[in-house]
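Quick heads-up: structures coming right below.
Shared between the two complexes below is chain A, which pairs with chain B and chain C, respectively.
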Partner chain A sequence: MGRERRDGRQMSKNRLRENVAAYIFLSPILLFFAVFFAFAVGFSVWISFKQWNMLISPIDAPSIGFDNYSSLFSDPLFTASLFNTIVYAFTTTVAILVLSLLIAAALNNIKNAAIWRFIYFAPSITPAVAVGMIWGYLYNPSRGIVNEVLGWLGVPAHNWLTDPRYALMAIIITAVWAGMGASILIFTAGLKAIPQSYYDAAKIDGASRIKMFWAITLPLLKPTILFLLITGMIGAWQVFDLIYMMGANAPASSVQVISLYIYNTAFVNLQMGRASAAAMILFVIVLIITLFILRIFRQGGIESYE
Partner chain B sequence: MRRMFWVLFLVSVLLSFAMAKTVLIIQTHWSDFQVNGIFNKAGKLIYPGLKQYTEEYMKLHPNVEIKIREVAFNNYLQQLLVSHMARKGADIYDLYSLWAVQLVNAHILDVPPIDIVNDVKKDFVPASVGGATIRGKIWGIPSEIDDYALMYNKKLLSEAGYTNPPKTWDELVAMAPKLTKYDSKGAISQYGFAFLSGWDSAVVHPYLSLLYSLGGSMFNKNYTKCLLNSQKGVKALNEELALFKEKATNSAGNVFNFPQNTVAMMIMAPWYVSSLKRAYGDKYSEYVGIAPIPPIEKLATVSYTWFFAVDSASKHKKAAWDFLRWFALQVQPKTNTTRAGDLEVNVISVIPPNRVDLRNHQKQLADLKVFIDQLKNAIPEPNVMQGAQIKTILMNQIVAAWNNQKSAQRALDDAVAKINPILDRYYH
Partner chain C sequence: MNKKRGKITGIIKYIVVAGVGVIMIVPFFWLVSASLMTLNEFISVPPKWIPANPQWHNYVDVFHHVPFLRYYLNSFIVAISVTALVLLTSAMGGYAFAKLNFFGKKALFRFTLSTMMFPAFLFLIPNFYLVTLFGWTSNYLSLIMPFAVSAYGIFLLRQFIMGIPPDLIDAAKIDGASQFAIFTKIIIPLTKPALATLAILTFIGQWNSFLWPLIITSFSPEMTTVPVGLSKLSLAFSTYTNQNLILAGMVLQIIPVVALFLYMQRYYIKGIVLTGFGGI
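Showing the complex of A and B:
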């Protein structure tokens, strides 16, 4: 009995030592998380209830309750930015998912697939500023190749990046082109993980290629689709660079997105409190969408990515 | 022995404090050759940039070290605010006067010494002094003054049968469609007129020039009311929209395509002249003409100012003002110009606001003659609180009108509806 007690105490000491060692090793990342996430988010929440312009100490800034939040929804530019972000996020995410899946499936069994994958992946590793500049030239009304090609098809020239009817869609097309590559690579990895025996069995049963795609490929790719859907949606909701680069000459209400609204509110209007409130609203929206997507997929049997 | 060691150690520490250099940081939106100077092909310095002037000053004052912090115009205010908050602000700023209003309100700028204030009043053109004046006080030494004029492509005008630029706005609106060409796809390949766009001043300043030409005003005297949706404000915007209606321009027009001879006329500031001179080389005078903005009723243009100021949190305020005195006020006996004036004229290609530089750089300023002449008709843009926000609001409404999303009246009514609450907060 005495020996068991001694052994038990020894095990608790060892466990304690292991825990302490684990926290010591984790401390750098915990410190990083505490400073750059927990403190930053907490500070932002605190500031969202104040009227602060960065010219005085935040402690001296007057508290105004929920005024920053309520004033946002009465600002037509905020609601326009929200609408533009919804359109941008959903369109780019769905378009990238669908196109990259189809392309990955097409590239799965062809010769020289590596070259094609490089061609599709190259835009993903090109800096957004370069992408924005190049597509700015492509969309040039008089000398751009887009209008040139459309002209061959009898479509009149348009001012793609300044016309409020087309500017956002033009930027979405650029974003889809730039964002497909990474998704194609991830889908390729997912496709390679599907056992060939499933397809062989389906072939024996007389299933067509389309049937095999719907019945085998898609269901087994659900975890990959879920991952890309969530990460794509989160990224799309936070888009800034392409809109900043390509949307400068279009009416603000037709292209401005939430992140650009936050930036302008903070650094042009010097309304840090209001900008923080808008950032909190963005955070809540992205969180709700992510939880919604997780719930839908969990009902479909996906237990990973919990 | 030990005592000797400690005495020597203490003396060396005290000496190192005494000999420590005063380090000044100058923050500027100038960059590249504007800071580093202009060199010929053989690598010989032709015109000194800001860096060479600071090196000259450091030779004269060995206990002073000057560092230059280059910050792009788009990020300048943000960088200033963030670095000030982090207590890593510069000592000397070259400030756009509109930004300075809030900096003064927040006590971020140091009050200049009285001798500097008196010299500025005495030696600088009134429009630039007005730009550096906030709430009745002068806050720095003007570093540049800009106004707007009509720039036109002489060759494109003569090809269309015009030997002279338009003398009135109505003439411009009549000429512009005849100078506009379309390609086979229906896109404009040559703009009769192109508007500057992409940032707030680009869109707002030409509009203000037209508003001032009508005798209008953006605000009332004490900034308690925005007057943009007055009859004159709406008329000024409608005069711009006339060019869109006549299909002489659209919102895709890009003034920076001027060197490609695809823009016949535009309203621009003098800082673009140096780019055009580099683009056209020897053919500059053949192609580029500059004339006053054709008036709707009377000759007018808007001006804006940059000025040198010192951060109130600077640990070396006296040294900072001493440098600025030497750089921007002291007249060099050989040339009878100031060093800042030399830099502004020879390198930055802007109008120097000091009268002595205007008098003694006449040859170099020949290409900016119209801009300088128009200073007498220049009305400074108002130094109003939240100026950048107000200009962005106005820019968004003007661009919406350009794109036929709103009428001029509706656009300016919407602008006033957003601007008046801002004025209420700060001026009531």
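Showing the complex of A and C:
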């Protein structure tokens, strides 16, 4: 009996030690999250109800209730930014999804696939700022090669990045060009995971290629598509670098997105409260979209996304 | 007939892959070509595709016209420091979450994952306030510390460390090894592939990072990183007369990441496939 008690004491001592060790290992992380996450989120919420210009202490800044939120929606530039972000996020995400699936399928079992994959992937490791600059030159109305090449095909020259009708579309094309590589890699991994025997069995039953794509490939790629939709949407809703670099010469209402609106409001106009309110709205929208996509896919038979 | 159809789809496949492939590569080709042009060639209408005489000295001149070496150095200091810190904190957190039992483990892990849902824009203002409060705005800590911990890195390493056989750790424990010894002598050496993946993702992400350095360096220009420095030159388009030099700078900006990618491709692709992010 004495021994049992000693064992028990030994065990609880070990458990205590393990707890202490774990919290020592976690201490830098917990400190970081306390400061740069928990405090930061709380601060954002708090500031979003204040009128603060960063020149005085935030405690002294006057509280103005929901004014920051309500004034955002009466600001035509904010609603335009919201609209542009929606257009940008949906078009870019869907175009990347469709194109990269197509190309991943074409790359499957092709010769020299590794080289092609590198070519497609190169824009993904290129800094977004550089991508924006390069395409800024390419789209130049008189000296850019985009108009030059389109001219060979008989398409008249356009002012791609200054004409409000084309600017956002031109940026979206660049974003798709830059963003396909990573999705192609992920689709390639997804396609490789589908057992060949499924296709063999379908072939015996006389299924056509298109039928096989709809009945086998697409359903089995559902987790991959879900993953790319969510990460793509979350990323696209926060696009900044490309718009900052390429949208500078177009009328703001035609290309401005929420992230740029937040940046300008906060660090150009010094309206921290208003910018925080816009950031909170961005967060809620991203959260709703994520949950919505998850819900659609769950109804389509995906149990959990992990 | 089936064979013939297979051949036709093969050709269509190749046309799609090569056709889109050309569109992928032409901007890079143009970039390198234009970076070797004289200013007159660069601004000529219609555009020139290839310089008559490659102006290799553009790559030297860029260092004289702008403090490019300083930009480069700043970028390296920040990217390497953040990478080192992220590796350390992720390995420590990953080990705790993978192999130790402690009070509140499940809740803390869920919390860590949930932080990834918050858009970066929510943190611009509070983090700016914090680095001002800490007096960091004029030194590198302002560019480094807000990125010292990565929830994604913790998650990645936790998944990897979970795969390390418990026998190894138990044997070390019987030999009387401390938790610190287990971490440094067993966990770290066995986690090298995951650490390499995380290192390359973090480095490239930081090297390409733009928004935060843009905000910080508008207050302390001496810490300007390469992307911020080049973007300022590029946006001052009409007033700046050495536009072709900017392109040389851009090539120099891209080279380190492409080199790193080619050298550690295997790890990078693993990271991309695991996360879907080109950078973090």
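Keep in mind that, in the parts below, the second predicted complex is superposed on the first by the 277 of 306 C-alpha atoms of A that agree within 3 Å, B and C clash if a C-alpha of one lies under 4 Å from a C-alpha of the other, contacts with A are read in each partner's own complex, and residues count from 1 in each chain.
Following the convention adopted for this analysis, a contact is a pair of C-beta atoms (placed from the backbone, for glycine too) under 8 Å apart; a residue touches a chain by one contact, two chains touch by 3 or more.
Being a predicted model, the structure only gives us computed values, none of them experimental.
Looking at the overlay, what does A:Phe49 touch: chain B (first), chain C (second), both, or neither?
neither
Between chain B (first) and chain C (second), which, if any, makes contact with A:Ser142: first, second, both or neither?
both
Between chain B (first) and chain C (second), which does A:Asn264 come into contact with in this model arrangement: first, second, both, or neither?
The first partner, chain B, only.
Where does A:Phe297 make contact in the superposed view: on chain B (first), on chain C (second), on both, or on neither?
After superposing on A, A:Phe297 lies clear of both chain B and chain C.
Using the touch definition from the top, say if A:Ile134 reaches chain B (first), chain C (second), both or neither.
second
Determine, under the contact definition given at the top, whether A:Tyr88 touches first (chain B), second (chain C), both, or neither.
neither
Counting residues of chain A in contact, which comes out ahead: chain B or chain C?
C
If you stack the two complexes on chain A, which partner ends up touching A:Phe78: first (chain B), second (chain C), both, or neither?
neither
Answer with first, second, both or neither: which of chain B and chain C does A:Ala21 touch in the superposed model?
In the superposition, A:Ala21 contacts chain C only.
Of the residues on chain A, which ones does chain B touch that chain C also touches?
Comparing the two interfaces on chain A, one with chain B and one with chain C, the shared residues are 54, 142, 148, 248, 267.
Please name which positions on chain A make contact with chain C in the complex.
15, 17-19, 21-26, 28-30, 32-33, 35-37, 39-41, 43-44, 47, 54, 58, 99, 102-103, 106-107, 110, 116, 118-120, 122-130, 133-138, 142-145, 148, 177, 179, 181-183, 185-186, 189, 209, 227-228, 231-232, 234-235, 237-238, 240-241, 244-245, 248, 258-259, 262-263, 266-267, 272, 275-276, 279-280, 282-283, 286-287, 290
Using the touch rule from the top, collect the residues of chain B that touch chain A in their complex.
Going by the criterion above, the answer is residues 77-78, 81-82, 85, 102-103, 105-106, 108, 183-189, 197-200, 250-252, 262, 386, 388-389, 392, 396, 399-400, 403, 405.
List the residues on chain A that touch chain B in their complex, please.
So the residues of chain A touching chain B come out as 53-56, 77, 141-142, 147-148, 150-151, 156-157, 159, 161-164, 248-254, 264, 267-271.
Using the touch definition from the top, list the residues of chain C that touch chain A in their complex.
Touching chain A: residues 9, 13-14, 16-17, 20-21, 23-28, 30-31, 34, 42-47, 49, 88-89, 92-93, 95-96, 100-103, 105, 108, 111-112, 115, 117-130, 145-146, 148-149, 154, 179, 183, 204, 207-208, 210-211, 215, 218, 227-228, 230-231, 234-235, 246-247, 250, 253-254, 257-258, 261, 265, 268-269, 272-273, 275-278 of chain C.
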